[in-house]
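Please read the structure below before turning to the comments.
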Amino acid sequence: MANPSQSVAAAQAREVQAHQHANVNYLNVDKSIKSWIYTLDHKRIGVMYGVTLAVTFLIGGILAMLVRTELLTPGPTIFFSPDGGLSAETYNRVFSMHGIIMVFLFLVPSVPAFLGNIILPMQLGAKDVAFPKINLASYYIFLLGGVFTVVALIVGKVDTGWTFYTPYSTSAAASNGVLFMTLAIFIAGFSSIFTGLNFIVTIHKMRAPGLTWNRLPLFVWSMYAVSLVQVLATPVLGVTVMLLFFERLLHIGIFDPALGGDPILFQHFFWFYSHPAVYIMILPAFGIISELVATFSRQRIFGYRAVALSSVAIALLGFMVWGHHMFVSGQSVLSSVSFSLITYLIGIPSGIKVFNWIATMYKGSVWLQTPMLYAIMFLFLFTIGGLTGVMVAVLAVDVHLTDTYYVVGHFHYVMVGGQVIAIFGGLHYWWPKITGKLYKESVGKIAAAIIFVGFNFTFFPQLVMGAHGMPRRYADYLPEYQMWHDISTIGAYVLAIGFFLAAGNLLASLFRGMQSPANPWGAATLEWTHSTSPALPHNFLRTPIVTRGPYDFHLAHDIFEEGDGAGDGTAEAVAADKGTGPDSPPPPGNVGQPIGKPPARPEK
Amino acid sequence: MATATPQIVDDVHAGPHHPSHLQHHFVSSQQQFEASKLGIWLFLMTEILLFSGLFVAYTVFRTWYPESFDAASATLDASLGGLNTIVLLASSFTVALSIHMAQRDNQRAVFINLVITVILGAAFMVIKGIEYTAKFEGGAYPGGFFDPHGHHYGHLANVPYAAQFFSVYFLMTGLHGVHVLVGMGIITWMAIRTHRGEFSSSYYTPIEITGLYWHLVDIIWIFLFPLLYLI
Amino acid sequence: MGDNATLWLPEGRSTLAPSVDALFNFVNIVSIIIFAGVVVSIIYLAFRYRRRHEHERAVLVHENTLLEVAWVVVPVILVLVTFFWGFKVFMKIEVAPPDSYEIGVEARQWQWTFTYPNGAVTTNELHVPLGRPVRMNMSSVDVIHSFFVPVMRVKQDVLPNRYSHVWFQATKPGTYQIFCAEYCGLNHSAMLAKLIVQTPEDYQKWLESVAVPTNLTPVEYGQRLYQQQGCMGCHTTDGSPRVGPTFKGLFGHTVTLQNGQTLTADENYIRESILESTAKIVQGYPPIMPTSYSSLEEDQVTALIAFIKSLK
């Protein structure tokens, strides 16, 4: 091996692998409650976010199941009013809570605050994010915002939908819970801003030696794009909800038409944030999928630079299309036309990504482990979601489709089929890094299959009934739509079973799972090659030196001189493996390394 | 091949050359300083964006109802506003001086300049308070509570949408006021830390970024003043 | 579902429908082709290059500029075609023919009131003549609503502070569904109306039958207002409660207010309840009666009171 710095990297990697059996990691370095509450470790903060977000996802999911159950039959199914009729009030509150919790308390913070927090500094070869204290503070700010939201939703009876359109949201008919809700979003927004700010600085200033922009893992690139959007868009959300707050409290007359204000102005303000926000909710998924596709195809990402820059292009274009939510709102025809045109353009960089991921598999070594199944599922579902997005961007067609279930179908395909599926893929992929455990591969695959089937049964019928005119946010509907609603509801139950099975499988591994080797997948990014699983307290023993691209599997001697990854979570697979089973004594200097190929040194 | 000894780029735990202000996750003071600087610039950008929403609201309503806005704007006291502008400019100057003094290791001067800045900030708030009181007495409340009376504001009762002007006025100056208060808090804290001797010419990043924040507060006022009081 | 409904779209009953449907079908088919391409290549590649053994090493693939350019250029062409097509049809939807027949639409929580050129008014039922462009001149008295007729492929938000418009030309007589498509609070999903397309002759006959007679008694006028102003959306005349209390037997009855106070419903109380609906709230009901009724004319209020009085 000629290149000396490469052998340095390899030597460092070996040193880390040796450390795996010393078994000091960020989880067990200090086990007191206090050490968690005051922790400045980005990994622990990430884990705290993860637990909190699992709770909000669960709550949002239960609310979704209530929505779906009520829609099983026209008329009342489970939401009865005192006189035995349908309680539209309950329905409206439940779907509003579902949307608000899912968007603001789950999907927006999901990847950056949770997986991003844990993984991003490690992929950069840094010991932590640039501002650990702000990182911790943003967690508590988020928690505070979450508590406010729950209070607003339960005590305050918010029933405005997640879009808070004026003048309904400022009218007496909507409740004063809107005041609480706007405060909650204002607070949670700060958390989002701080996370974004922290990441931008971290990416700019904390990269390990040798880690040039062209060598950044694509997850980092997408986190960079997301952070830009968070920092640029969230303040506008802040000022929007602030104006809404004062409109309701003091009737400042900015949005209220009765006082000379303009409700359309509110929609412009709202979507100026919320459209970029939908890219906050998908760009992270792009990053995760890039990692998964590359690692499980053992191949460099096809068109790395195009994939990296398309994230930034999407983030920036995303600021110029907000008006596509308002084609029938009464905005001028000229605005509608320009917004429509720019909206289409976003399809181009998205397409570049999809095609490049697919091309990455070409001549690869495609390893269909659970995370890769999720990645493939993502490609299916996101493509449907994106193409239906293009459909609603067609001016004349959107006139018919807007505010119907077609739009509901579109955004669940991108948000659930895109981001949530990617989160599950990423969660399975980094689970050993976070917890040090291997989950059961077989159960993971079955759960993924159930999710895939359930998902399509839930949301495809929504596209069809929407095109047939079924309006959204309807507590009650005409009998002719019942067939589609019923398929959707049954699908939703299957989907929920899938999610619970996947989550259960992961949780079960905490108690019964095998100890993971440092790099079970044979991945080539720093968090796998230069740290143990679970990660070291300070991520690395020494600052890593980077000598190659993130997916240069052919150059990754630091992994491959020790063997290919073969982390198959079953006990048999590990036991059958050469000497790294739980009972066999660890060979010296070689413990917990990727199971698979026996540790043969290259002869050269 | 495996004979090459890994060169130690940096050990995880603070070595003997680790200055006390350097947080463990940074490699060098230089890196820490650059990170803080980039961080505060990004933060200032978000602040500008926060205000920009209000500027948009202002522009929209001014375009729709120019006469109302002119009439309502004429009731503001431009001399008090002007005085406040001078006060804030002076305070920006003293903050800048404190940074300058920090570079020269003159801790006493740093401290004095910071204290003067806080006092100027307080003066700004007092003058603002005087203006607000006059408006409340004249019934020039924001939006729905708008009920102008008296010789100074009474005529606005017949001006449609004058209420919106005061809504925008109170929101913008109110949000700005909150920023002044927060800034005063931070500067006070910096003064205390200076007094404790935490800074030196080799480490005064917190003072520097506080100064940047204070300049932003100043600049926003420089925009608010002509928009609300003059045109 | 009617005769020319497809799996994807409901029947089309306006002159706009064929253009919109053609566009929808074009985008849909192109999307399905793209999607099929994506799925087939994923499945093929995942199978063809599946990992066969643990020690497998992938061959390094180099980038192919031609390919990358191709998948930028082809989508760009596709979206430009779609954009211009969508723009053309959109302009058709936006611009009503100059000789359109005008009908006024007033939306309120949660019903539709339609006003015809001869002054006739209907609630939750819209009659239009066949084969003639009809233009809706719409406004809302409270929050934002949206006028949506799936079979006509039109939708337009109805705003409280300005007029908005929508037009269509029906191509087949029949009864069709109108929805409110913008979330407007509690009974959004019940804010439905029927669209009745009639041949020009039938339409004329119908229109004359509902023309406003000039010599109504106050009670009759009140009853008419009860329907037109939308009181019937919330108040029944048969004794059953709806969103608001029933009008039957209201007059002279003892009313318990939310603050526990009781009073007898006389003319003044009813008058106040209509004109200043939030002043006194009846116990057990939400304070959602619109405040927009404060703009009713004096004779209208008198007529409404006379009507309520007549409901013993």
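First chain written, first letter: the chains are A, B and C, and each begins at residue 1.
The rule is simple: a residue touches a chain if its C-beta (ideal position, glycine included) is under 8 Å from a C-beta of that chain, and two chains touch if they have at least 3 such contacts.
Just so we're clear, the structure is a prediction, and the values are computed from it rather than from any experiment.
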Chain with minimal offset from the mean of all protein Cα atoms: A
Chain whose Cα centroid lies at the greatest distance from that of chain C: B
Centre distance in Å when chain B and chain C are each reduced to the mean of their C-alpha atoms: 48
Chain centre separation in whole Å, for chain C relative to chain A (CA means): 35
Residues of chain C touching at least two other chains: none
Two or more partner chains touched - positions in chain A: 262
Residue list for chain B, restricted to those that touch at least two other chains: none
Complex contact set, residues of chain A against chain C: 83, 88-89, 92, 159-161, 163, 165, 167-168, 171-174, 257-258, 262-264, 297-300, 302-303, 306, 328-330, 333, 336-337, 340-341, 344-345, 347-348, 351-352, 354-356, 358-359, 361-368, 376, 379-380, 383-384, 387-388, 390-391, 394-397, 399-400, 402-404, 464, 467-469, 471-478, 480, 553-554, 560, 564, 566, 596-597
Chain B to chain A touching residues, read off their complex: 1-2, 4-12, 23-27, 31, 34-35, 38-39, 42-43, 45-47, 49-54, 56-57, 60-61, 65, 141-145, 160-161, 163-164, 167-168, 171, 175
Chain C - residues contacting chain A, complex: 1, 5, 7-10, 19-20, 23-24, 27-28, 31, 34-35, 38-39, 41-42, 45-46, 49-52, 54-61, 63, 67-68, 71-72, 75-76, 79-80, 82-83, 85-94, 109, 142-144, 146, 148, 150-151, 153-157, 159-162, 164, 177, 179-190, 241, 278, 286-288, 291
Chain A - residues contacting chain B, complex: 1, 4, 7-8, 10-12, 14-15, 126-132, 193, 197-198, 200-202, 204-206, 209, 231-232, 234-236, 238-240, 242-243, 246-247, 250-254, 259-262, 265, 269, 538, 540-543, 545, 601-602, 604
